[in-house]
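Letters A, B, C and D name the chains as they come in the text, with residue numbers starting at 1 for each one.
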Amino acid sequence: MKADATREEIRHVEEIIEKLGFRPHAMPGAARTAIGVTGNPGAIDPTHFENLPGVSEAIRVTKPYKLISKDLRPEKSVIRVGNATIGGDDLAMIAGPCAVETVDQVFTVAEAVAKSGAKFFRGGAFKPRTSPYAFQGKGEDGLKILAEVRDRYGLNIVTEAMDERGVDLVEKYGDCIQIGARNMQNFSLLKYVGQTRKPVLLKRGMSATLEEFMLAAEYVMAEGNYDVILCERGIRTFGNHARNTMDLSVIPAVHRLTHLPIIVDPSHGTGRNYMVNPLARAGVAVGADGLIIEVHPCPEEALCDGAQALTLDQYAELYAQVKAIHEILAKEEMVIAHA
Amino acid sequence: MKADATREEIRHVEEIIEKLGFRPHAMPGAARTAIGVTGNPGAIDPTHFENLPGVSEAIRVTKPYKLISKDLRPEKSVIRVGNATIGGDDLAMIAGPCAVETVDQVFTVAEAVAKSGAKFFRGGAFKPRTSPYAFQGKGEDGLKILAEVRDRYGLNIVTEAMDERGVDLVEKYGDCIQIGARNMQNFSLLKYVGQTRKPVLLKRGMSATLEEFMLAAEYVMAEGNYDVILCERGIRTFGNHARNTMDLSVIPAVHRLTHLPIIVDPSHGTGRNYMVNPLARAGVAVGADGLIIEVHPCPEEALCDGAQALTLDQYAELYAQVKAIHEILAKEEMVIAHA
Amino acid sequence: MKADATREEIRHVEEIIEKLGFRPHAMPGAARTAIGVTGNPGAIDPTHFENLPGVSEAIRVTKPYKLISKDLRPEKSVIRVGNATIGGDDLAMIAGPCAVETVDQVFTVAEAVAKSGAKFFRGGAFKPRTSPYAFQGKGEDGLKILAEVRDRYGLNIVTEAMDERGVDLVEKYGDCIQIGARNMQNFSLLKYVGQTRKPVLLKRGMSATLEEFMLAAEYVMAEGNYDVILCERGIRTFGNHARNTMDLSVIPAVHRLTHLPIIVDPSHGTGRNYMVNPLARAGVAVGADGLIIEVHPCPEEALCDGAQALTLDQYAELYAQVKAIHEILAKEEMVIAHA
Amino acid sequence: MKADATREEIRHVEEIIEKLGFRPHAMPGAARTAIGVTGNPGAIDPTHFENLPGVSEAIRVTKPYKLISKDLRPEKSVIRVGNATIGGDDLAMIAGPCAVETVDQVFTVAEAVAKSGAKFFRGGAFKPRTSPYAFQGKGEDGLKILAEVRDRYGLNIVTEAMDERGVDLVEKYGDCIQIGARNMQNFSLLKYVGQTRKPVLLKRGMSATLEEFMLAAEYVMAEGNYDVILCERGIRTFGNHARNTMDLSVIPAVHRLTHLPIIVDPSHGTGRNYMVNPLARAGVAVGADGLIIEVHPCPEEALCDGAQALTLDQYAELYAQVKAIHEILAKEEMVIAHA
């Protein structure tokens, strides 16, 4: 749409699209509103739309994805999560324990996270575990503890849902619905979170190509939820010195392709305590919009993934280092912008 | 349990296990019944059980899996699917189109499949597609067509479910619930099919290790459904001459570890028409308990995965070749058994 | 060239090619001789050649490979190795110990291999070992033992060379120069064996794509040695139940692309004794031209790769099974040919 | 050895080791000299040595590697390359074209590299190309151009050798012998460069595990050349948005295991111009000791790998950014060291 298109003009274009039996997706930006069209079996003649009032141009997106694409929306999406945002100028820090275990454990970490200046808190109430006999999370009780964290510490809650019932509960108690790597191609679940109005943190599947990753986001957006934050958390390779292989080259590739923000998870991405800080630094240096980090008051006692959790001190050190790197990049960008 | 243990003795042991707060899993075999115990947080003293009447021996299974294990049940499981079985002496052939498209298409293939002597029919009503804009299957209408195939041609129906609603429908219309590769670690779905009483065809995830594959089966069995058929369908590697890399070494590895049968899917495993027959032959030669093959009356018109579907003639040729190889192996085994 | 082209006409075409500054590669077949041209920086006009006497047609091969291609030579190459061949109607069996250790060990295996009817003997005198501190092979002394095996048992010797000095020695003592997986892209070595006149067994590198594998063969052939036998020996993946992942789909892919024969190495391909026989059967069923199998009189005492070596009895059982499968395929092909 | 051990005491220990039929490897450090022992078939009793004059302690290294290990030499190795060093406090920048093409091309880049403050120049005279028909490098003529670069611009020359003849020439003309990824397990070549006295830049093979990578370095060191610089250049995975997948987690893993320095090659590691700068930043942020970067005056005209080469301007921008990140890390380390 043109920069000065009115609300009525936008609505009119949406109605035309609906009348044709397709689905309009209006995504307002700082300057202009983009309207994506999906549901069309083949190509539609762009001239259908170009003569409508308020329309700037109609572009046929022939790539397999539409709504995630920069062709549709060239400027970066800044996603609101609770009272903060991801994808803007600030580096988003999401920290907290792998799993919600006890009120004490959660509050101890939350206090440290809040004090550090981070705005997001992570913690799993539903845990996807490889073995049916491993700790599966505290469920709704865990979510209630997380909701208390928000009230008490002002942190926005990012937490995983594994099925529809879980999505309903996370929508109720949390601020951002995390879809785990193992569910990245659980298409029914993607459609379901696409119908909620909470932002979605979508983790890359452990053997997902870039295109599959983008199309998983497209599944969510095609249902009308455009608030998708991507997350690189390591892929599966022959390598055995870390639990997964962090694929940091996906960050510039994602930024080239889509307007959606992407963050990095060096905790699951490496599975090794001593690698988390170096890979967090690398993730910020490569251009990620944020980090998600596991912190535990006493990692060796963690019920889940203790080997990778940072102590509170290690977390503080990490945050100091990545903020310094993030500032450098911001300054460099300014230099480039003024050159 | 001892070979001559009575129903009462078996029930008594189950009650003791339940009284301890654990979960008993009785799996009757040809000679003896094995009872697995799950739900115990740590190791239990085996002598608790060895003195009970009818108990032959109590073995502590320290591996991460219990119910799938040959330690628990040394003889192979023969799984009943409708009016036939998978895992016994016969080679199981499951054939049919990738997706249910029209009554004509389905009946044409079903007639050829029934005439060939195969006992199982495949066809998808719910299709997990990488893109939200690709054909997603005909849903319940497709399942109704498949139910007609059973009535008309006496074929047992194997078809995929992607979510709980789908499981309910497949339970109603089909004979075997297929869980696709992308859902192999959709643990909520695994638990849900574990509560049905229909056999489950569990496809290996595209980057699943053997242990993860076994634990996915364990998820289903831990809920009380012991009728799990495994399926190798190719893994993701750097290789690009086929869509996936068939990992046939997993067949002997699975047979060494578990009593569950395993079949091979060379259609999805290769994604190339000309490779399906050679890899089907290889799958039978390596020792798989069956095959699942895509057949289409007119592959180039298929709405889904046409590039890999066999014509009716190619299917007939494949079946003749694999039966000949299967007979050779059966004869060889007899020779070895008598030596 | 035309089927009735004379030696002079062939020589004349070669001279023209040389005069243009390029390199001719004459490959005589059963019916016709093909002449490949390499060394041209860009495309050459085919009409340069089509008017020469004896020329049937000039085809521009635009794929990255020329000499390996079926476009150049549609009929399969049958490679002479000592007094036998690989690539024809017979299944080639190459058996023997991983490494030459002692005369006794080698002769014990050789006797069993000769009695089984196999025509080729393997055994390493130069061993590429991951660690510099592991047994590196007996060198020239080992080759002398292998030469004795040929004299005594009439077996043709296939043995590895790791460098130019090794190639010279294998050329002197052996019948076929093996290039190991780790040297598949040791281009200097490939060029060097391309200048010998002994056949080359080229193993696929552990992360080589089909195209890289074909271009490695092309390196050898571009130097004038057209007797290349390919070998699939497992690729590196995330899988950990076997040492490597046998990629049997590469066999039909290779047969579709090139006239060169390809064999399968289930010993290195799996690294597990109990998997060798099943994967050997699968390799023959998928259409490989032969097998290379490690046999040791006493696997648990082997200085190298004992875990995968077969006993003499296991080898006999394997050979019986794969011969039966090979016969079935030959019969089936006859049926198809007559249909 | 003790910190105050004399030259005579060190020599005496070496003689004892030699008398036992083993091989001593003296590696002098800032404070103490470590002496590695190799060539022993099994374990040696450490007390053999502990009573000798000047010996501080004798440690049995049971891991598969000895000379690369921090157990043997806890402090980091600083490797001298020409008139500069790699592995110390400075970030090593090695820049230059993929292949030496013309004097003009090389001098244009060299001037920019020298002006930027980098101390090392790269450029290939022998190019390992996947196809035998691709440009193979200018050979000795190329090396002579590189030698002129050293004389004219004071840059130290890092260049690849692919075989023994190449090693001899690089030793003559260059300052550091690069062993490419495809030759990482060319054990004959590793032994050969182990006998030279020029430092070796050893690139990780594209499917090499950490252990294989370390043992390749061990091959070089076991021959007496301890000046090995490691290089991560991307591994082969299923990913297809970059040519390789940079595995930055290997940097902290290497630093934990070995005293050898490791640098990062984002040019080959990504194969995409727009990814080189972000991954270079990430490589420095993760803790690499340096970078190797392809620069070309006119990338679109490069005879080799043009798609990944940076322009001179892009190179300048990259170097400014990574220096800023390196300074941040150095400051942070100081803060930590003083805390």
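In this text, a residue touches a chain if its C-beta (ideal position, glycine included) is under 8 Å from a C-beta of that chain, and two chains touch if they have at least 3 such contacts.
Just so it is clear, the model here is predicted, and its values are computed rather than measured.
Summarising the inter-chain layout, the chain whose CA centre lies farthest from the centre of chain B is D. If you compare A-B with B-D, the chain pair joined by more contacting C-beta pairs is A-B. Between chain B and chain D the centroid-to-centroid distance comes to 50 Å (mean Cα coordinates, whole Å).
Centroid to centroid, with C-alpha atoms defining each point, chain A and chain B lie 35 Å apart. Counting partners per residue, chain B has 207, 236-238 as the residues that reach two or more other chains.
Here chain B touches chain D in the complex through residues 236-238, going by the rule given at the top.
Chain B contributes residues 207, 209-210, 235, 237-242, 245-253, 256, 269-270, 272, 274-275, 278-279, 281-287, 317, 320-321, 324-325, 328-329, 331-332, 336 to its touches with chain C in the complex.
By the touch rule above, chain C contacts chain D in their complex via residues 38-39, 64-66, 128-133, 162-164, 166, 182-183, 185-189, 191, 206-207, 211-212, 215, 218-219, 222, 236.
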